[in-house]
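In the two assemblies presented below, subunit A is common to both, partnered first by subunit B and then by subunit C.
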Partner chain A sequence: MQVLEKLLDRIIQRVNINLRELGFDVTPYVHELAALNQMVKFYAFYGITPQHPINFQFMHSNLAGSYFLGRCRVTNSLLYKSDIRGDELKKKGAVFRFKQYEIPITRDEEIDIEDSLLIKTLVHCYSHDPESLEKFFIKDTIAMHYANIHGSPSDGCFLAPFSTVDLTTMHDCVVGEFSYIQAGEISHIKIDPGTVWIRSPEKFNFLYRFDSRQLENYIKFIPGSKPKGLLFDFVEDKKKDFERIFSLVNIETPRSVPVSATLDRYAVIKPHTKISDNVLVAQRAYLKNSWLGKGANAQENCYIINSRLEGCDVTAHGGKIIEADLGTKVFVGFNSFLRGSQDARLTIGKDSIVMPHTIIDISSPLNIPPGHIIWGLIRNEKDLKTNSLPIREFSGIETDFSIGNMIFEGSGSSFVSGFKDRIDHILDSNGAFFNGSENKGHAQKNQRISFNMIQPYPMGELKGLFPSITIQP
Partner chain B sequence: MVPISEYATVQEGDTLFEAVLALEKAQEKFDYEHTPYHHRAVLILDRKKKVVGKLSQLGVLRAILPKNERTQQIEDISRFGFSTKLVNSLREKYRLEEGFVDDVYKKAIRIKVEDCMQTLSQGEYVDEKTSLDTAIYQLVTGMHLSLIVSRGDEIIGILRMSDVFGAVFHALKSCELTE
Partner chain C sequence: MQVLEKLLDRIIQRVNINLRELGFDVTPYVHELAALNQMVKFYAFYGITPQHPINFQFMHSNLAGSYFLGRCRVTNSLLYKSDIRGDELKKKGAVFRFKQYEIPITRDEEIDIEDSLLIKTLVHCYSHDPESLEKFFIKDTIAMHYANIHGSPSDGCFLAPFSTVDLTTMHDCVVGEFSYIQAGEISHIKIDPGTVWIRSPEKFNFLYRFDSRQLENYIKFIPGSKPKGLLFDFVEDKKKDFERIFSLVNIETPRSVPVSATLDRYAVIKPHTKISDNVLVAQRAYLKNSWLGKGANAQENCYIINSRLEGCDVTAHGGKIIEADLGTKVFVGFNSFLRGSQDARLTIGKDSIVMPHTIIDISSPLNIPPGHIIWGLIRNEKDLKTNSLPIREFSGIETDFSIGNMIFEGSGSSFVSGFKDRIDHILDSNGAFFNGSENKGHAQKNQRISFNMIQPYPMGELKGLFPSITIQP
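After this line comes the complex of A and B, so read on.
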């Protein structure tokens, strides 16, 4: 275990050096939480498909319980139960468009993780950094439980639990728990917990900040102890179900899954769940007694329980939907937590956008009309009035608008069309529009996938370390 | 340079109000024969008469601003790339809702000077033998409004940017007149 301890100390020091300007020391947040004993127990696995170029290079790292797809290189790092999903990386010959530039991609892109600690973190999409097109780097970075690093190269950063950085390059930043950042590029900044910030310079700027006292009921992360709160308890309660599917070598896909849909063998499917055509259910998704209509998807770390999704609904990474009915084409953003109950169901009308990191937690029935955009913390009808707008009204904002804890500046129509375009892109790349021969996406392409396992040294000087290994076609 | 004896000073433990009075008194006493510029700061001394900080006009204004969770949130918004226009409109909204009242001043005058002073960095000291050219570099690169002039361990005066500017201004004028 000494080798893992040394590795952890080295990573902590490297991150601290980067964050010294912010006066932030990651040691108390990380040292006791990185469960090195656990890291010896779990195998890592990687997927092979004809669609995704592979080049796995693992060096001097622990990869316990982690999953890899596409081209990934991991060096001097600790990855615990993380998903490194390289199925949207740029391919050689593609052209990257940024402002007035059109830059050709000269080689297949790879995810390059170095000197980093990722705990239950999802890494997905491709580098949106125009200065680093062929390398999606994650360097000197620590990401805690259920963080999402989505198309966001990172250097010298700390991401607290349930935080998301989306399409943003980060240098020397601290991102607080349950914060969502999509801002293109950030550096030397400390983001408080519960900050939802979406900025496109010259176009729009959206900011919502959770009340810290209210947020603590859902997620609280203090130095030296595990994350606490409803969100963390909710996912930890389901841990046993995942342990069972990870311990089985072969799992048969249920016959009820249509040929145009993908149900990942590392997803948990409880009884009375309906999976329709073109549905994508990713690994570590959890479905129970729910209906997923045609083209709906459940991405990594999603939980859909006692709910009905009519079709073409997107549940982004970490989204949780409990006791809810969603009309068609409802988008539920990253890490959102929508919780109704048997006596207090949540209904969201078609074509609505639930912004990333939204919490809806109700004790009486709540009906959100079609075509609404929703954000922040909503516990009742009153909260809904200050945390939502009809999309048409939002599109009409031309200068600025503020309500409750939300501030918006810029063009509402740009903001809305940005979201809508992205939702269409997600549905398209997930295969929601597959017609039997055209518009194939992940739901169709990820069906024929082989999984291979690798294991760490069980004892001796290198205990816990995975052997350095290169896996190529 | 203004000798320290002519400059406004207060002691650690004094209040913002006492600092303002000290500044007023120093301004009244100051000999304006050689310079038209008023004093604009107060030096904070410890019990051993050593300079431990400086309270500038900006420091006084900063000290009287209301500080609570909401004002902090408004000020924090600038970090996120919002326009000054929007931030100002939020400040106005707050002012209308909460009022920027006399109470703010009543609270402010009781603030201890050490809670609102600016501690001095190494770059804010200059030896008495330093040339004016070098002192100008120090003012410009450090963006300071004044420098503390020392003789060994002793503080003997203040070199104010306004006085340095006055000297440069006269030099420029005489240069133009002789050509």
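After this line comes the complex of A and C, so read on.
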């Protein structure tokens, strides 16, 4: 295990060097948390399909529990139960459009993770950085529990638990707990916990900040200890339910899953869950006693419990929906936590947008009308008033607008149409619009995946380290 | 699946070209048997330990169910539920002694399988060919169910079900059902079913031939159909018991296994089986209601049922022991089938040698005294008289000797001491003589193996083919 320990020290050192300007030392956040003994126990898995270009290489790394699909390279890194998806990597010959530019892709895009530590972090590859089209790099980066790195590379960064970096290339940044950043490109900044920041230069700027004392009930991360709070406990409580699916080599898809839908073999499905046509249930999704209407999707690390989703609903990575009824085409963004209860059901009308990192946590029933956009922390009707707007009204914003803890600058219609286009892209790429022959997406393409299960050295000084493995067509 | 079909045709063609002189066409033996649909279903597994030099490469092959440990390369081959062991490969810098020669090993030995089809065939690597010390090749070779390729390379060969080629380099040969060949080097010959031939040039020659009509009860292989007979049915009947161990990713070793013993996680252990110190139970061994005394070993594909083995007993690859009591240090050779019953128990005294491919199938109790050597087909006391000798008496043979269907020429003592040395080597390398610190063998070294489980393309024209995988330290 000596080699694994040295590797951790080396990663910490490299990240600290990158973050020296911010005076941020990752050591106390990481050392107690990186449970090297746990890392020895879990296998990693790599998906084999004819649809995804295979090219996987890793060296001198631990990959415990990680999932890989598509072209990836991992070197000198520790990945603990992370999900690394590579099914939207750009292919050679494609053209990437960015503003007035049409940029040809010169070789198949590759995910490249080096000198990094990702603990239960999801990396998703739909990459948007026009400066790095063939290489999606995560270098000298430490990301903590249930963080998401989505659509853009990063180097020299620290991501706290339940943070999300979305379509945002980052250099030498620190992102606090439960913060959501979608800002194109940022460097050398430290983002406070509970910041929801969506910026499109010259178009708009959305900023919400959680009250720090309220946020601490949900997630709190003190250096040297495990993350705490409702969000963390909620996720940890469900861990046991995943044991069976990880202990078996292969799991048959139940007959009740339509031929146009995908239920990933690494998802947990508890009784009385309905999976309709064109539904995608991704790995590590957790469904219990819920109805997923046609074209709904349940992405990685999401939880849908005692709820009904009418159809074409998106539950993004890490979204949690408990005791709720969602109309058609409701979008629930990254890491959102929507918690009703049996006596206090949550209803969200069709065509609504629940922004990423929204918390709705109610003790009386709450009914959100159709066509609303919702953000921040909502515990009752009163909070709802300062944390939502009809989408039509939001689109009407032309310059500045502020309500509750939210500040908006720029064009509301540009903000709303950006969101709507993205929701349509997500539904389309996940196969929600498949008509039996056209518009195939992940729900139809990911149905049959073989998995290679790869394990580390069981003992000796290399204990916990994986041998070098190359998988190619 | 088209690529898999083409690969099978290509292998058949290559083997037929090698066997053209013997006028032997493998097509009808193979085409119906190579169940390509089955090959798609099973994963292969590769062992990771710090003790075994890792270097595994395969390309354009199907490996369904195969097991690998150590340095291997597989190209353009179909391996269906085969076991390929590489834990006795010679290492760079070692010296191989052969007669008056001391041959230095210039690089780590490698198993190299190319253009071959192995169906449930065990390959074991303790290689003895002084001409090919760094490469253990199996090229243009087709081997059928429960054949063993042990300790020597082969090219251009066909091995029928339950045949064994042991310490015998073969070129362009056909080996019939249940034949056992240990002859140094042979080429361009066809060996009839049921031949047991052990030859050491200028020292001795042992030849036994089963009566073909009697042998057919046990194994019969008609071109175009599955193998038939008691032996085949016996093995097929137990298949279901292996399902659980192959469906789980990891299996914990039961606490009742001593720290000095190894129970492979791919072995089947049914209730009331005692595993003593220094015992090795290899993958795909099957134990039920049996006692394995100190230092006994149960090798690949062996079955030990309702039996007691006192200690330091060897049950070689494919050996089957049912309702029997074996004294200490009884050797049961490859593919032997020893079947007593509740009312007709078989007893074999200590220090006895049951030669490879012996069948003892009794309906009244049979007691074989200590220190005997036993061969051929024995169904009663009468058969025993013509198919055994006290080892001391056998050692006394100086020129020719014949009894029953057996013919011996040369030095009996040389024959016996060769056997005894080999039994000691087997016990030693398997760890039977471990004293808590010295004399470690497989039983102590193989205890903790991680397995990579590798799977083929699930669909498309590459269906059933594995992607190219390289595993290195």
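Keep in mind that, in the parts below, the second predicted complex is superposed on the first by the 473 of 473 C-alpha atoms of A that agree within 3 Å, B and C clash if a C-alpha of one lies under 4 Å from a C-alpha of the other, contacts with A are read in each partner's own complex, and residues count from 1 in each chain.
FYI, a residue touches a chain if its C-beta (ideal position, glycine included) is under 8 Å from a C-beta of that chain, and two chains touch if they have at least 3 such contacts.
Just so you know, these numbers come straight off a predicted model, no measurement behind them.
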{"item": "Subunit B versus subunit C as contact partner of A:I54, first or second or both or neither", "value": "second"}
{"item": "Partner chain(s) touched by A:E409 [first = subunit B, second = subunit C, both, neither]", "value": "first"}
{"item": "Which of subunit B and subunit C A:F451 touches, first, second, both or neither", "value": "second"}
{"item": "Of subunit C and subunit B, partner touching more subunit A residues", "value": "C"}
{"item": "Touched partner set for A:S468, first subunit B, second subunit C, both or neither", "value": "second"}
{"item": "Which superposed partner A:G23 touches (first subunit B, second subunit C, both, neither)", "value": "neither"}
{"item": "Which superposed partner A:P271 touches (first subunit B, second subunit C, both, neither)", "value": "neither"}
{"item": "Touching both subunit B and subunit C, residues of subunit A", "value": "none"}
{"item": "Interface residues, subunit B side, partner subunit A - complex", "value": "73, 77, 79-83, 86, 89-90"}
{"item": "Complex contact set, residues of subunit C against subunit A", "value": "43, 48-50, 54, 246-250, 448-462, 467-473"}
{"item": "Subunit B-touching residues of subunit A, taken from the complex the two chains share", "value": "183, 189, 197, 199, 201, 205, 207, 209, 400, 402, 407, 409"}
